[in-house]
Amino acid sequence: MKQDKVDDKLASDCTRRTFLKAMGLGSAGSALVLSGCGDTDIVNEVDIEVRKELVLPNVDPQDFVRPGVEMYYASTCRQCPAGCGVHTRIREGRALKLEGNPVSSVNKGSLCMMGQAGLQGHYNPDRLTKPMVRKGGKLVEVSWDEAEDTLIKVMGRKNSKLAWLNGATSGHHAALIGAYLDAVGSKNHFVFDTLPPAVGHAANEKMFSNAVPKLALDKAKLIVSFGADFLGTWMSPVQFAKQYADFRNAPRGTLVQIEPKMTLTGANADRWLPIRPGTEGHLALALASLLAQDAKYAGRVSSDVLASLKDVDIEAVAKATDISAERIHKLHHLLTSHAPSLVLSGSSAEGFEHGSQAANAILLLNVMLDNVGKTILPREEVDFPDLHPQLGGWAQLKSFVDGLNHGDFDTAVVFGTNPIYQAPDFMGADKAFAKAKTKVSFSMFPDETTMASDVVIPIHSPLEEWNTSMPAYAVEDGQLNLQQPVMNPVFGDDSTRAFGDVLLTLLQNIDAQFKRWDSYQTYVTDALLTMRPVLVNPPRATVPGQTPEEGFKQGILSTGFVQLKSKKSKPIVAKLEPVDLPTATGDDAKFPFHLVPSPRAGLWDGRHANLPWLQELPDQLTEVVWDSWVEMHPKTAESMGLITGDVVNVKSSSGSLTAKVVVFPGIHKNTIAIPLGQGHTEYGRYAKGIGVNPYKILNAKFDKQTGELATHATQVAITKVENRGDLVTFAHGDLVLESNTSTQAGREIVKTVTAEQFNREEKEV
Amino acid sequence: MSDYSMKDIEWAKINRDVLASLESPRKEFWIVLSVCIFLVLCGAAAEVYQYNEGLGTALMNKPHFWQLYISNFVFWIGMSHSGTLLSAILLLTHADWRKPIYRFAEAMTLFSILTAAIFPVIHLGRVWDMYWVLPYPNERGIWPNFRSPLLWDAAAITTYATSSILFLYVGMIPDLAICRDNAKGWRKKLYTALSIGWMGRASEWMAFRKTYVLLACFLVPLAVSVHSIVASDFAMSIMPDWHITSFPPYFVAGALYSGCAAIITLFVLLRYVFKFEDYMTTEIMDKTAKLTFAIAMVWNYLNLSEYASIWYSNDMFEKEVLLEKFFGPYHWVVWGMLLCALVAPFAMAFEKVRHNMWAMFWLSLVLQLGMWLERFQIVSPPLASNHEPWTWAVVWPGLIQLTITVASFGWFTMLFLIFCKVFPSVSMYEVKEMVFHRRKASSRTDMEDLDKVKDDMIKAEEGLS
Amino acid sequence: MRRRQKHFLFGVFDDFEKARDVVSELKVLDLKEKVIDNIELYSPIEHPEVEEILGTFHQPIQRFTFFGAITGAVCAFLLVAAAAQSMFTVQPQGGKPVIPLPMDIVITYEGTIMFGVYSTIVAFLIYSGLPRRLKKYYSQKVSEDQIGIEVQIDPTKSDKARAVLEKCGAVEIREVTQ
Amino acid sequence: MALKRMLENWSDLRKRDYYEDEPYMWGMSIDLNKCTGCGSCVTACYAENNLPVVGKERCGSGHAMHWMRIERYWEEPEGETDIDIEQSDYPERGAHYTPMMCQQCNHAPCEPVCPVAATYHTPDGLNAQVYNRCVGSRYCGNNCPYKVRYFNFFDFSKDIPAPLEMQLNPDLSVRSKGVMEKCTFCVQRIRSAKDKAEDAGHRDYIEDGAVKTACQQTCPTEAIVFGNLKDDDSKVKTLWAEHEVELNRHEQEKVEDARGYRVLEELNVEPSVMYLDRVRDTEA
């Protein structure tokens, strides 16, 4: 942290409550102006701690509460790393609804289902409310005093053998964690998050010198996506959905999705092509070789790359990929007839031992098609690297586990991630974790890792704490999102604490200079005040009598984010390497099916399995609720004598699991898919004991270049266990539950027109 | 078998026989009665559970908002038809064979209505607010919605139930007087009160006859309207295969059909239990069976013409339902209905069957099963494949619904048995009238016969000479 | 005012033919002496022929029925229409007017029948003179298989009537003064 | 008195479209070209309208309470276009998604069949459901061609564990057992916008966009547009006009390319929701 000067007045002057008080926001543009700190005309109060309605005299007004009047507070959604801005609707001191913040460039007023369900995490009945310490092998609830003492003993000292693992993070949490680890003298900082496409980021970094280049989906006329589910679970779904909406306006862009299992994006594609898993790179290479026949495209790549494209046999690729040669030529024609286009590489293409090379081959197409600089744009440079998002990946988790196994760490701290649930069985994360002498978990919920820890610190929900964060995929570089507590802690002041506050206390024990801040709130506000000079249009005092600081704070909190100044960076110059792909291998006779562990928009990687709204939201493709299932092509299922609901055993060489079959047409015939998100053994009443986690049976295969886990490389065998389990799907279209193909029965409920017709009509309009 | 078979019964014996039925039935009566009471208790328990937990326990859902309760409602309303309607029509057409059987048929009507009326109550989501359906003046100015066929139902059933009770009661007054004259103890008090001083004076008889005929005139159109209105619950909706013009006559025919079948069942039962062999003769059974057969053919025609019109219209929505009915998951209900209600009645074309009491008993049960299945297939399959294919779903009635359904049969039988035990189930005065008129007619025929013999003899003599 | 004593003779007969003869004889007697106030016939079944001998009964029940039915129709229609327009919020539903005539027909129809039936019953009670107490001389045999003839007669001349009854084969004769 | 009132207003009481002079008629447009079927609207609806979570078992028995649902079909209705005709083992044209909620029909079949008049048509064109009046005959649910009415088969609200109930929206009730419910076009939001407009002194005019339904508000692709169909400048009215969909028709007269349609329009139920055709590029 770069701290220059602290404005002393601020720390004492305005408490969190009075501060918030000034932050009223009206709904839908009409600002609701709140009066200042002296407002006492409140008669009817709701005591939210005990949730009883009390009639209190005017002398003890609680803030937040203006009976019958709704207020909106700007904050940031922390349900996934995308970092959408939200407005929280408050009435009677309760957060009631989250809505997108229209001025946030990430989501422009919209929100996805996970964001909507943020409230259920906040009010979750299974939230941890008391710190817990393991005594005699059992976690017992203890007082905060005892917990703090324990914590200071464990973490409040210099310790180079302390290992820190957190989920994707950014902003001042990241900065504070960095500061803490510096103070402790530990270099063992690991970041692990399952879904951010680490292989893709590395490939982008290598080719475009930008791990996460800006993608202009809306500018493209054609998007060819190799398994990038940008409408569902890829990086920043709401942001991409916004761009997608523009992309679909007339003249309408064309979307081709190539992936073994249909994702939400595939379901919206103009052409969805099922491909044999692991051959995406080969297809891309074949397309590149076809393009290379034209000097226009060949001229954009170096000769060594061109050489590697020469001897690609289209027929052989057609055979390997299960995509006909005719279709490959049609794809080639599409690519040459639409400009600019955009070729995306997603997790189903990258999750192999040759994943980096596949991504390399796919991204190469962008260079040949001259999309770089048109639909793939460089990032601008922003200062404060401490605040930048850290997304991490499987490789870091592996290092963490390896370190634990080697006995390198005596203390393991986990925050915001759940490795014991996520890690495949072969990694032995649970056993390795048990090896650490002391395990500390900062968590809102009793998840698997938390329940395996020795010290459990219940933390505030994102709606109860101050924080800042940067979006994992920013549209405008340098956007720093703010979080503010929108209501009193749900379980009272003596239950949960802000993660920042706890960590700051620990820091203060090691490094006295952190005693300048009495709370994480002041730490964040000070930091922001300090950053004022580097902000774009920092808010100023608007009300007479307001100090500039107050004006600033009010301004940024009502916006919900600040914009850091950024420097224009140089245009991207692609650095190309020849693609080195292994020859596609045939099917494994023992394990004939490719396993696709597919993320669901909703449950994400499993972190939302405890939110009943999301459990009850049917899967977008199979319409199944509250369960795990095995997606299987109707032909395959027929040949194996399986129907929807039959229970099967899925066996890989590393393990097996049982789940119910869903016959599903949108999947390659040699592939099965199991959704992520279920299979929790802890995590509260809504998640525990439902379904299975496909990650558990993954084989120990890693991407050769990045060391990331090859999530899609596992092959499995299937055997039927029993008939008809209790699978619940809303797609019971054809009266008997035997297939999942609902037809419209001629009802014309969804009508379809051609793009040509669409463009013609929009022109007329 | 002659048309005048019952002319020789002594009037006093009629009184004796029928009054005996109030006193000493066979012991099967008590067995059946206790089984019925047990069923009713089971049903009550099921209803209490459903009331506490919510209607979901009955396994109704979206789109199957209606299920067995409505099927049963239609079934029982249908059952109620034959009694009053047949009694009234046969009265107006002077068919004297109605006389020994109309009393219990009318009682059956009454108790069917009482059974049917239970189902809308059980069916309601908020039973405790049921009185909101009634048009009572209130300070909030809230009225029921008379546009709803359910309200028509309420009006029609109220009218029908009260009219049927009155028709039954008025027709029973002379018999109540007989009972009064012969009873002792609490029965004496009961019959004295109910017979309101009937003494059989000529003026009473005159007023009685006029009234009875006038009531019959009302009851015929009323009965037709009641089941048409029940049909409107379906026909007035826009559901495919419910929104059918021919539903009202189809329902009325079906109602008569199942009602006649029920009459046959109870005919045989009463004849056996109360030893009414002298009154409920094979002759009457033969006529009832013929009538049933005729009605069955009307129903058959309407049923088949419904299929034909759907098929011919080629309407997407209705055709889908039709195909699902025949080949979908409910197919055995539909085929079962066709077998039981469309094919089985042809057995009645044979005199041997018509004259065999127990054959008719079982046959009538088969017909009723068919008609019950018909009501189920009217309600459920169209809901299962409605306008909106996404919501298509097959749901079978749950245990709660089945229990309550079975209990309704127990409830009906219980009420009916109690009625037969307390009130004369054969109309004594009308049987007497029948005997009186047949005796008169036969003496006339005898005399004609004598003339004929004389003529023959004369002719023979002439021939000889 | 002292109520005038009524004197009744009640004869029970085996069959209707005998009863008919009795009535004819009594009528002859009455023509001669003007002593009989009223003759009433009690029977276990209906004998429409009695009108031939006792004269026509004036029982306009059907008028009650007719006016009852009309009242019912009007009331039902008014109820439906008035209820529809007096809802706390006047409710057009399903794009149909507040007072939809075709739909109201059904309720009107039911109302017609309901009131028609009720008024018929009322008329029945009025013209049959029911409910009433049983007469003291009422014989239970009348509800079984015998015919009763009640003669209201000047007490001083009852002997003559009794003679007529006996002559025609009365099974039992009861004499009561009220 | 009632009679007098009735006779005086006879022509009004016999008029078919009683509310034609009202300033509002709420309508919606859903662009299936943009809808991705993600289900955000579904969850937003749960959050806004106090919808109960019923759990797996009750989802299985058909008791789920999603006022807004996404329907996912795989096949094109026959004879519609040539897009899906080509033979393939895979749905290569993706899925057919459509959000389905109460269409707020102006000739709503659910309304006249309610025995207690618990559902009726409001002056601003909403198909209102009065929970307090409902006795649960479920006739309306049967008569709804879209099957978007949801019945409280159980007392779902009593299963909400603390502190989840703190999330419940105080602007509308939590429905009890035995009551029918359905999408209201977020009537509580309309109500509050009307109040604000009245406070601001323009009772008959709500600015376009001042009322957003929860589903519209959250939709990541802005496929849902909601507004006043009687306001010629509103976005939704413009869309209806552009795509040649009009109220009071059971078959739209339009040029071949116009994309607007109303689902099951041929039943003459006058839905207030217009859908715009899904689009697929035949060249891809």
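Letters A, B, C and D mark the chains as written, and numbering starts fresh at 1 in each.
Convention: a residue touches a chain if its C-beta (ideal position, glycine included) is under 8 Å from a C-beta of that chain, and two chains touch if they have at least 3 such contacts.
These numbers were taken from a predicted model, which means no experiment stands behind them.
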Longest centre-to-centre distance from subunit D, chain (CA-based): C
By count of C-beta pairs in contact, the leading pair of chains: A-D
Innermost chain, where centres are averages of C-alpha coordinates: D
Which integer distance in Å separates the CA centroid of subunit B from that of subunit D? 44
Report the inter-centroid distance (CA atoms only) between subunit A and subunit B in whole Å. 67
Rounded to the nearest Å, the gap between Cα centres of subunit B and subunit C is 30
Intercentroid distance (Cα basis), subunit C paired with subunit A, Å: 90
Could you list which residues of subunit C touch at least two other chains? 84, 86-87, 91, 93-94, 96, 100, 103
Of all the residues in subunit A, which ones touch at least 2 other chains? 730-731, 733, 742-747, 749
For subunit B, residues contacting two or more additional chains: 142-145, 147, 151, 387-390, 393
Linking chains that touch, what shape results: line, ring, star, complete or other? other
Which chains touch which? A-B, A-D, B-C, B-D, C-D
Which bits of subunit B are touching subunit D when the two form their complex? 53-57, 59-66, 120, 123-127, 129-130, 132-133, 142-145, 147-151, 154, 233, 236-239, 383, 386-391, 393, 395
Within their complex, state which residues of subunit C touch subunit D. 78, 81-82, 84-87, 89-101, 103
Taking the touch rule as given, give the residues of subunit D at its contact with subunit C in the complex, in rising order. 2-3, 5-6, 9-10, 12-19, 105-112, 114, 117, 119-121, 270
List the residues on subunit B that touch subunit A in their complex, please. 316, 320, 324, 328-329, 384-385, 387-390, 392-394
Can you name the residues of subunit A that touch subunit D in the complex? 28-30, 48, 51, 91-92, 94-100, 107, 109-113, 115-117, 119-120, 123-125, 231-232, 237-238, 241-242, 244-245, 248, 252, 254-257, 262, 264-274, 334, 490-491, 601-602, 612-618, 620-621, 623, 625-627, 633-635, 665-666, 669, 685, 690, 726, 728, 730-731, 733, 741-758, 760-761, 764-765
